[in-house]
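You will see two complexes here that share chain A, one where it goes with chain B and one where it goes with chain C.
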Partner chain A sequence: MMSNNSNTASRQFVPTPAQPAPNMSAGFVAWVRDNLFSSISNSIITLIVIAFFVSVIPGIIDWAFISATWSGADQSACNKEGACWVFINAWSQQLFYGSYTDGELWRVNLCLILLALTVISSFTLPKSFRLKLSIPLFLVLPFICIAILDGRLLGLEYVDTDYWGGFSLNILMAAAAIIISFPFSFLWALGRRSQMPLARSISVILIEFFRGIPVLALFFMGSVMLPMFFSEGTNVDKLIRVWLVLIFFMSGYMAEVFRGGFQAVPKGQYEAADSVGLSYWQKTLLIILPQVIKVSMPNILATFVMLFKNTVFLLIIGIPEIVQTLQTALSNSNWLGGWAIEGYVFVFLIFWVCCFGMSLLASKIERDLDTDKRD
Partner chain B sequence: MFQKKTTEQIKAATRPSAQKKAGAFYNNPQIRAIFYQTLLVVGLLYFFYAIVNNTLTNMEASGIKSGFGFLSTAAGYDILMSLISFESTDTYLRVFIVGFLNTILVSAIGIFFATILGFIFGVAYFSKNWLIRTISTAYVEIFRNIPLLLQVFFWYFAVLAALPGPRDSLSFGEAIFLNVRGLFTPKLVGSDGSTLVYIALGIAVVGIFVLRSWAKKRQELTGQQFPLLWGSLGLVIGLPLLVALFTDLPFTVDYPALKGFSFKGGITIIPELMALSLALSVYGGAFIAEAVRAGIQSVPKGQSEAARSIGLKENKIMSLVVVPQAMRVIVPLLNSEYQSLVKNSTLAAAIGYPDLFNVFVGTALNQTGQAIETIFMTIIVYFILNMMISFLMNRFNNNVELTGR
Partner chain C sequence: MKTLVKLTALACLAMGANASAGTLEDVQKQGYLNCGVSTGLAGFSQKDEKGEWSGLDVDVCRGIAAAVFGDATKVKYKGLTAKERFTALQSGEVDVLSRNTTWTNTRDVSLGLNFAGVVYYDGTGFMVNKKLGVKTATELDGANACIQAGTSTELAISDYFRENKMSYKAVTFDTADQTRAGFESGRCDFLTSDQSQLYSLRIGLSDPSAAIVLPEVISKEPLGPVVRQGDDQWFNIVKWVVNASIEGEAQGVTSANVDEMKEKGKPANKRLLGVEGELGKNMGLSADWAYNIIKQVGNYSESFERNVGMDSPLKISRGLNAQWNKGGILYSPAMR
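Moving on to the complex of A and B:
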């Protein structure tokens, strides 16, 4: 082609090069005009906002980075001009692991790694046995973690639940609660859709009860009323009671998520399963459940974010999760210099990164699901 | 039982075996349903029997008398803040009422400001100005993703606790003072003729409704619009003011003043109330902004294009065309946000604001040991509050809903 054309090049059509875009309609200047100075009122607003940021941001940067103290042994290293990150440094182990025995921290890490592996495996295993393997894996995970952390069953050093704490407890508690709430919520959602009037009304009452009352009231019920329900002499660990509370609280919300999922599965799927003669449980577990989990994944994640944020409430009944640990640290006699802002900013950041990450993931999954439907 | 046949029932009925002979009875779905439900009920009954039995034994062992008799005994402790008069000799029933009113107060403040913040930031998301859009997104994403309790603590322990002491408090025009003990504002104290002014205020409020229906009728007939907002404001401020002027201002202003180590007089807003309302409004506002955003996005683009093509200005397009249609999506979402805001107000317990949960489930339970009664009464109140919100919002929803033709 090229060689053929080369001798006729003089006659070949040569388009005049495209003219540059009209001034002010493309590029940076145009973007600024359209988005910042499109009208007089917009320009005024822009200037006010910029002025505000210019007056505030340098101060924040100076406080957080330039004048901040990063290293040191105690609060005497800090000054009042900048942030005292020494405080966070000194308390980082407490904030993350609570007062878990010093040499045994690998056990907490192991639990977190196991959790991460289980989550990753549920996305990456071959599809043929993904559900069959990862659902049982998830369901035994909390108990394995308890055994590892407690240590008695495995012949490790015994660590009392009083010493469990910190941010790792927030993570593990939230994970353990949502995992065990799956079967409950699934049953309640099935019950709510069931034709059996008694099963339906009992499910509705359970779901609405656990959704309707403040979480804090649930926690108080867990710590004050629950011990009364057990027969005399039974002493149920505080953490287990809180775990139960979180499970039921979560089941109420998750049941509604699953109900939405059930409704989203096309009716043809139910009918097809019936027509090939599957029993109720075969139909529900093999045909409907996988689709329900897929459809409700974004909502499950959103509900998990809510649960994760609510694990902070553990502090109200005196369980040393991260915020409780922070408050202990702030009232420690060696650190009475008023480092509340540093501490809260740090905990803010940790929670924000986790929750924001999960909500980004949720919206990504939602978008992926969307394209599926269009195909 | 008159219910639709399920596919299971149809399957069972049309199965060849079913048509010849009845088949094994345990394969009959109706019999199965009865069996399962009986099992469920028996299980539940046993469960409750065990719980009640254990509870009674445990209560007897720890010497707690059940019943609501404790409500009429004297509480014996003070409450930090109450809207009605409260002495430590008053009964637990009055504690309950004081707590209830405080809950209503903080919830109402929270709902009010959360709605305003939510609508401002929700609409700001669609601004032409990139900075405003970014600020709106940042606000929603930051405050939605941080636990509410942390935010309450942040305002209470980090921000409000860092305010200056009473002696060098921040003052606004020597009338409003802000310090570590709270916010102090002047208070209007009515004297003899003040009832007339209150009556005038009542008349003005009724007048707004009359004005509204009159303005609507006039607009339908003639197309002329009436500046309703300014008219209502003028009515509600002007009429009482006029009456007050004619009755020689039957009011005195009680200014807060520094006496000793603290401020006396005026209205005191305690820092606990401020921190809780701030956190509830900012947190709730972020969720409501999301709801408003979703609502506005649900309005087809053609609507705002059509409005633009008939020459409406941008702000009129928002307020007259887009937002009224978006309300159909927003109102049900608002309903659940308001309900969770009321439930979240129980976080008062964490910083010591005397709401119902704090004074009743917190202190009263500790003092009397009546766990079941106090928690039961408190839960019922939250249920009723949420049902009331739901009822009101559903009424409101009927107004904004698309009426089918």
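Moving on to the complex of A and C:
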């Protein structure tokens, strides 16, 4: 019986402890097999890529870190084997702020902070008045910043636009242009969808004109052609001219972004608005616009990144943005050692960090705005 | 387009259009000189890490400011690209253009501009690797040439080689930096560019002493300041500011001894420095205009050596830019 009992007990189901997966199907080895050596052709490609990295990366690390010179006062501290970060260090203020008056740099910083705060406020404010508050905030921001940077209106020391420059100028130019292009592009996009022939044809001509011309050609027009139309002695500041050009260029692109947004809003929304008796502008501003902004957000941000990178083209008309400043630095007779690689690597990095940060921000904003699919 | 023009026109109205009288009067009224310079050319117009401008071209601006205001710092520099420089001058954005601009007939005659003299006689030259053992440019038959695309150098070198019935193979690059890299990596036997630039390119080589600049200069590139046509008073001022610094060197007046010369110098020194005669007054300037230039900016030799010559990293020898009695062609008309 005892044996019987124990037999019964032993018959009770006791699961065998799980065996670890075979080495070949889990863990690092399996990952390598699955992803890197899953077929002969994949294995060959993997080996080529590894060989490439092995041959290139140590050289880059050696150049950028091990043999590099980090501290010193001038180029005599540098050697030709490694990167000369002394060059970037010495020119960092110029590269970031341009020749903006030394003691007044806080004004540039203030503008950048205001810009950041406005951007943050546009998706952290309570929803009930977010749109009502952040749109006016955005629209006045460029003018506030111009007043701060220029200084005359606020009783600060006057800093001529010739002294504005560096990477901060890239950021502020791009931001100021895209913000002001919003209302223009919105109107152009409305005009393009309008039933009125005049409004429609004007919008189409403007949009296609500014979209059809390379931004470089537009810059030349702003810097070289526009002054010829003015009477002698009349000067519109070069930066303002270029800003206008950027605004119109951007408006052309953004109008198409918005048009896509208008088309994405279901027809029922228009009809519903009409049926409750809203006027054209009530319908557009209260019902359609919020939805348009929501669906267009990814494209708006992508366009902004494009514009931000396009601001380096300002160098060809001599605006001292970051690449122009870099070229100026490279042509200084005390820095003729050929430090172009260091300079451009620095510019790559700083742009990459900013653009990557913006795409992270963009995906966060998209998730916030994506109310449709939320349960 | 129309909207753009209208809007900008509105913007100008808002900013207030000011009709121009004489340039001198305008400059005096605004309190500083608007001077168009290059966005960056080693030794000629360059910015330092603090944002301060210096260079041979910049010294012309400083000289004019010293003559007009008695203060060489009253200059606002506008960095201009090659393409927009003439428009900037024509539209009045700058009062004088001092931007390594070659004085050519076409520019002088058909652009509504006047060249006010020459501050640097440049010309296309050659840089070769020392190892080649080449002593003159005539030995370069059949060689490969590194050239920067889109420059007047391309025309000059093709003319020169055709004239001398030699052949060459051009390897063109986009920027000066790439041209130098091409030369350094042995893509070509010689590099050709304006002489002033050859020296600055040479410094960037990993071993500058391995390359030599040949003595030949095969084209004329006289660089000088430019003003708008139709304002003779201003034209005269710029012209004589350049001459005053050249004449200062010829007379041996330097920033160090200018005070002494003013007191005890020869009659010619005293006339230059405004103790005698009415040179300044006739131009609408103060009597000590040239004194201020030499005191604050220095004479031509000081300016040259400090910016491009032996006291600078460029180490360009005077060559053609020496005084007429010292083997060069600098010659100021009589200061009387």
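By definition in this document, the second predicted complex is superposed on the first by the 334 of 375 C-alpha atoms of A that agree within 3 Å, B and C clash if a C-alpha of one lies under 4 Å from a C-alpha of the other, contacts with A are read in each partner's own complex, and residues count from 1 in each chain.
What we mean here is this: a residue touches a chain if its C-beta (ideal position, glycine included) is under 8 Å from a C-beta of that chain, and two chains touch if they have at least 3 such contacts.
These numbers were taken from a predicted model, which means no experiment stands behind them.
Enquirer: So if we stack both complexes on chain A, do chain B and chain C clash, or do they fit?
Expert: clash
Enquirer: If you stack the two complexes on chain A, which partner ends up touching A:Val224: first (chain B), second (chain C), both, or neither?
Expert: A:Val224 contacts both chain B and chain C.
Enquirer: Once chain A of both complexes is superposed, is A:Ile316 in touch with chain B (first), chain C (second), both, or neither?
Expert: Both chain B and chain C are touched by A:Ile316.
Enquirer: Give one of first, second, both or neither to describe whether A:Asn299 is in contact with chain B, with chain C, with both, or with none.
Expert: Touch status of A:Asn299: no partner.
Enquirer: Applying the touch criterion given at the start, work out whether A:Leu36 contacts chain B, chain C, both or neither, answering first, second, both or neither.
Expert: first
Enquirer: Just chain B (first), just chain C (second), both, or neither: which does A:Ser203 touch?
Expert: neither
Enquirer: Just chain B (first), just chain C (second), both, or neither: which does A:Tyr163 touch?
Expert: Once the two structures are laid over each other on A, A:Tyr163 reaches chain C alone.
Enquirer: In the superposed arrangement, which partner chain does A:Glu271 touch: chain B (first), chain C (second), both, or neither?
Expert: After superposing on A, A:Glu271 lies in contact with chain B but is clear of chain C.
Enquirer: Identify the partner contact of A:Gln324: answer first if only chain B is touched, second if only chain C is, both if each is, neither if none is.
Expert: Second partner only.
Enquirer: With both complexes superposed on chain A, which partner does A:Ser333 reach: first (chain B), second (chain C), both or neither?
Expert: The answer is second: A:Ser333 touches chain C but not chain B.
Enquirer: Could you tell me which stretches of chain A are touched by chain B in one complex and by chain C in the other?
Expert: 220, 224, 227-232, 316, 330, 340
Enquirer: Could you please specify the touching residues of chain C with respect to chain A in the complex?
Expert: These residues of chain C touch chain A: 1, 3-5, 7-9, 11-12, 15, 17-20, 26, 39-43, 46-51, 76-81, 83-84, 87-88, 90-93, 177, 180, 200, 203-206, 307-308, 312-314.
Enquirer: Looking at the complex, which residues from chain A come into contact with chain B?
Expert: Touching chain B from chain A are residues 34-36, 38-39, 42, 45-46, 49-50, 195-199, 202, 212-217, 220-221, 224-225, 227-232, 270-271, 274, 280, 305, 309-310, 312-313, 315-316, 323, 330, 340-341, 344, 347-348, 351-352, 355-356, 359.
Enquirer: How about chain B: which of its residues touch chain A in the complex?
Expert: 3, 6-8, 11, 33, 36-37, 40-41, 44, 50-51, 54-55, 57-59, 61, 128-132, 135, 141-142, 144-150, 153-154, 157-158, 161-162, 343-344, 346-347, 349-350, 357, 361, 365, 371-372, 375, 378-379, 382-383, 386
Enquirer: What residues of chain A sit close enough to touch chain C in their complex?
Expert: 80, 90-91, 93-94, 98-99, 102, 160, 162-163, 206, 209, 220, 223-224, 226-238, 240-241, 244-245, 248, 316-318, 320, 324, 327-334, 336-338, 340
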